[in-house]
Amino acid sequence: MQPADLEAALRPKLGDRLLTVEPFARTAGRVRFRRDGALDLFRTMRDDLAYRHLSMVGAIDWVDHREVFYVLWSDERTEYVLLSADVPADDARIETASGVWPSANWHEREAWEMVDVLFDHHPDLRHLLTPDGYAFHPLLRSFKLHEPEELEVKTRHV
Amino acid sequence: MASEPAVPFVEIEALRAQQFVPAAKEALSAMIAERGQEKVVRPVFNWAGRNSLFPLHWGLACCAIEFAAAFGARWDAERFGVVPRSSPRQCDLMIVNGTVTWKVAHKLITLYEQMPEPKWVIAMGNCATGGGPFRTAYSVVPGVDKLVPVDVYIAGCPPRPEAMLDGILRLEDLIRERKE
Amino acid sequence: MAPLTLYTVSNDLVSSLLTALGNAIPNPVGAWLKSPDLITGLSVLVFAAILLAASMLNTILLIWWERKLLGRFMDRRGAMHVGYAGLLQNFADGLKLFRKNTFQPREADSLGFYTGPAAYMVTSLILFGILPISSGWNSGALPLTLLLALAIFSFAPLFIFISAWSSNNKYSLMGGMRSAAQMIAYEVPILLAVVAVVIVAGSFDLTTIVYEQQNYWFWGPLVVALIVFVAGMLAEMERIPFDLPEAEAELVEGWNTEYGGMLFAFFMLADYLRALVGSILVVLLFLGGWTLPTWVPAAATSFPLAGIFWFMLKTYLVFGLFVWVRAALPRVRTDQLLRIGWNRMIPLSLLSIFLAALLVTVKCLPFLGCVPSPGS
Amino acid sequence: MSEMWINMGPQHPMTHGLWNLRVKIDGEMILDVDPEMGYLHRGIEKISEDRHYNEVVTLMDRCCYVAGFAWEHLYILASEGALHIQPPERAEYLRVLCDEFQRIGSHIMWYAAFVQDLGLMSPFLYGMRDRDLVLDLFQSYTGARMTYEYMRVGGVRSDLPPGFTDRARQVLDWLTQRYEEYDQLCLGSTIFRKRCDDLGTLKAADCVAHGVTGPMLRAAGMKRDLRRDRPYAVYPQLDFDVAVADGADVTARYLVRMEELRQSVRILRQVVDWLDRHPGPVMAEQLPRWLGAPYAPVGAEGYLLKRNFPKGVGFSSVEEPHGEAQAYVVNEGGEHPYRVKFRSPVFANISAARQYLVGYHVADIPPIMGSVDVCVGEVDR
Amino acid sequence: MSEVEAKPKANENPILFVARPMATAARQFARSLVRPSTIVYPFERLEDPKFRGQVAVAPGKPIGLGEVWDNYRGVHALNIETCISCNLCAFSCPDLCIDMVTVPGGDPKHPKKCPQIDYGKCSYCGFCSDACPEGCLTMTTRYELSVTKRADMVYSPQRLNEVFRTRLPMSPIRLARPANEDSILLDPPLCIGCNACSRDCPTECITMLDIPKPEAKPGEKFPKRIWKEPVINDSDCVRCGTCISVCPKECLFWGTRK
């Protein structure tokens, strides 16, 4: 499936909530969408385009905004597709995909605790990898690592 | 069919033992008088303690695989009487074989406290020693000696099974000279 | 002539000693020393001490034997650096466990927590005491030794359950319940299989059963009973494939999860003591005890302690069979175990009783025996 | 006994790592489960952001410690995509060699742990013994048993030492014989079949819905193998079959893994023959300049941004021994990756635990979780 | 490529019950009765030269491959004599476990610095020995590193040199430097000819050449400087970047030489 085909299939359902479909190596393409079209897009991808397998949900902190991306797989066409949506940093929330693909559950929990993207209507948004009550979101760019205190800090580069 | 000797062997042995026991007693009391009770009894228990170290059977990370390999056929740590037990109550040795995170830290301390005295801790691998490659990470305890007292550190990432056995032998040397 | 037993030996020993002492020391101390009450009491103590030493030594040797054998099954060497070929390994283990400090979990019930292992140990020790090892080593003429042994053998689930319950641990509790269910389920087939032996031998006395086997060992004609008995013993001894109560993979260490130090050593020793007794029972009931087939040259049985030697050899080989099973088979599940017990083992044992009765009735036993009849 | 929750983990013989399976039981029946992860969360994704592209490889070996090579390959594929680099063909064959030997090592490790969960003791030792041979091979060309640091962006670190291919063939012959032994110890025994048949059933539809991949999925009859469906490296040029079974239970997973072990031997024989015939470079000639000298300091942060190196996003997916692993590497032009995100197959396989555990006995948890092949390092990362 | 259906063998005979695994275990027992595959570790070592040919993939022997130790990555061996103090090992270390410490032997103004390695942090990745331009830092087959004090894990250069003197097998892998490597370039207008780069260059590949002092036009003021400029010999340069770090005017930088 080419990006153009994807766009042709998705545009009627989503309208302007679908932003672009761009080519992406090793996949059928990357679908950029507005976050209010999330649920419709997920349903269309699963039911009409037979992307029944959600492989991964991840989030990236681009400082000014955050990006949530989904990797889907279709057994019929044996190919991947990427979905990605930008959410503003001060209101980082998006509709959960776990109602459409149950496998999104844990991935979204991880994305929430790591990059602080809130997934609306998630059934079980608890800490997964960090302890309960952990206050930080480590994969934000503002979260810096440092050497343990008794070890002297060296500069890595000249 | 049953052709036992005329004098039961048991009786002969009992008579021999009669002669043996006072002699042994005399020798032992002479030793104790000469060297003090501590010097006689303690080496025996130290010998026992160092030759039957039961490590706690738990796997933390990469080193746990080498830990398991050391109990495999090629190295066979059981040769030294090292038998992993699953319950901390029956262990004398905690081999921290991998990265300790803050999430598991209090459980590690609980397990350590559940082990009866005398007990030892081996920090196996660099993660347990000082956090290893992950020591900068937000979730990693930079060295298990922050949580429990460590007797022997084994460097390596992960240490070979031989290196682990070497660490256990070093611990045995420690126990040999133990004065409590 | 009265049978020369371990008790009579110790009685002779004590009485001769005390008589010599009493003659040397003036009255009234000398007379008190020579009193039969004191002699009896002391000889019982000596008897118990010998039994204790023998059983402990055997148990420790058995553990060593299992570790070495299991090592070879697993393509490794097993304990080898402590003492010659690791012979002192288990002494080190025992001494170390003796040295460990004792403790009790905070919420545990202290009465059950301490009495459980002690009672378990004691019953296992009694078991060793009442079994005849050779013609010169038995506990005296008890007519119903077999019944007594099996009765004491079946005490264990009670004490296991007590100690499991009182250690206040979920895993222990589950292990204890499994243990109780399993032991009760396998008591029945064991008893029924033993009945087959009793029918053929015509006695409940183990010594008699052994002497009944002088012509032919019972394992040939009673092979069904043997299979049932060995399987049941595996379950009673809690060894793989029936070691569910201490199934490491799901129940940490089973019912002794909360036990450490000396109490754990008790459990360990008692377990192996029971394994030893199980092997001994197999030898006594099916493999001719301390006797050898008549075609064996007389030299093999004429050296001192030949009876004990052959008996122990057989016992250790039977235990080797258990080790072999342990090396090769996975563990079954609780419901499967119980199903095997009730649905397979009991019919099989009934069948073995029927076969035994049949054999006795038609008097064809000597021809079925694995050992040729001596012709007398 | 009334219902109660028990914690299986983090220190529990069943877990094979640091995680906690909370189980709600009624007697011996499982009513509900709740896996609790994160006890081995080491922040690999975060640390990667502070490291050079090649230095992340050292983390990948420790990320999944039983299948280090698969994860190195995964990360390197994604990085090469993000950095627009093509490795030479011999390097790709070497990577497949590593991958497949790693698959053998990982599956044998799985076998050893799995049978130990069943109470079968000696095969654990046999498995570890035979796995050590594979590790010996790894050691002969990478210099380490488990943490290899062998693959680099643009190729691999070094070529094979002399005599390697002969030793590899020897090991493959040995392993082929041992597989029969493994089968006899497990499938040959009725107890094993009684324990494992119809246990932990997870049908294909549920697998897909919950993102379950790898041998678990193939055991449910789904014929998905990335080596065939989205081939990477040189898999299209190799001849092998995809192992599937249709029981969807523990036995089926066992069968699939054993068949994969045999298929890996088949692949490796081809790869070893190819490597014998085609000497060549193992590192790409035209590397980005700072990767060409990965050991030299390259100046202050931001220096590369000045040089306008093309940005890019790399996405790769690899059929890891446990299933389908994915990596997503964002290159913002610096010498460190901007963001690295991994998808661990075991992560998804464990998240479906409720689907294949509820309704069975407590005694079934070890074999079922054993058949999932848990490697906590890659779940928690 | 196709699918292969993995099915249990057809000859599953329920009568055999447990006979097959028992027979397999017994076969293994018979094989290992003579010589189990265990290496009696403190007395036998796999890296021992005597195992090179002896350890083999065959029953009746300790099973393993003997000839696998040539590339082993264990404790480092440092040849202090040939070390040029280029810092490359410390730079390349992903775990920051290498410190450059002063060793006796250098001239007082420019002390000789050699790596000191903390094995409590080292991940044995081999990046440092790959980076070493002189081949003086290699990795050996020594792996036993158990200590009772954490500080004993830090190996000073002298200690590493002792490891070198034991002549353990050392990893022979030397990576070829890529063809299109970056060079160190000069931004001439910024240079003041201070000689710092040439003085500190570990390989002495920087020579200071005189440059003509340009004729001053009226009104133009030249910066105060020495009229010399560094010329870097790329074939000798090990790309350690010392010159960049010591340059007071930041006039050296990485780039492609035309």
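Labels for the chains are A, B, C, D and E, by order of writing; each one numbers its residues from 1.
Following the convention adopted for this analysis, a residue touches a chain if its C-beta (ideal position, glycine included) is under 8 Å from a C-beta of that chain, and two chains touch if they have at least 3 such contacts.
From a predicted model like this one, the values you see are computed outputs, not experimental measurements.
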Intersection of contact sets, chain C vs chain D, gives B, E
Note down the smallest number of touching-chain steps it takes to go from chain C to chain E.
1
Please identify which chain has its centre, taken as the mean of its CA atoms, farthest from the centre of chain E.
C
Please name the chain that ends up farthest from chain D once chain centres are defined by their CA atoms averaged.
C
Can you identify which chains form the pair with the largest number of contacting C-beta pairs?
D-E
Chain centre separation (chain A, chain E; CA means) in Å
39
How many Å are there between the centre of chain B and the centre of chain C, using C-alpha atoms for each centre?
30
Could you put a whole-Å number on the gap between the CA centroids of chain B and chain E?
36
If you average the CA atoms of chain D and of chain E, how many Å lie between those two points?
27
Chain E: positions in contact with at least two other chains
18, 21, 24-25, 28, 36-38, 40, 63-64, 91, 94-95, 123-124, 241, 244
Residues of chain D touching 2+ other chains?
12-13, 38, 41, 43, 46-47, 50, 58, 62, 122, 124-126, 129, 132, 147, 185-186, 189, 191-192, 297-299
Which positions in chain A touch two or more other chains at once?
129-131, 138, 143, 145, 147, 156-158
Can you list the residues on chain E that touch chain D in the complex?
1-9, 12, 14, 16-18, 20-21, 23-25, 28, 37, 57, 63-65, 67-73, 88, 91-92, 94-95, 123-128, 130-131, 139, 171, 173, 175-182, 239-241, 244, 253-254, 256
Of chain B, residues touching chain E in the complex:
73-76, 79, 126, 129-130, 132-133, 135, 143, 145, 151-157, 159-160, 162-163, 165-167, 169-170, 174
The chain A residues in contact with chain B across the complex are 129-131, 136, 138, 143, 145-148, 151
Please give the residue numbers of chain B that touch chain C in the complex, ascending.
1-5, 8-11, 14, 44-45, 47-49, 51-52, 72-73, 76, 78-81, 85-92, 115-118
Residues of chain A touching chain D in the complex
24-27, 52-56, 58, 60-61, 69, 71, 75, 78-80, 82, 101-103, 105-107, 114, 127-131, 138-139, 143, 145, 156-158
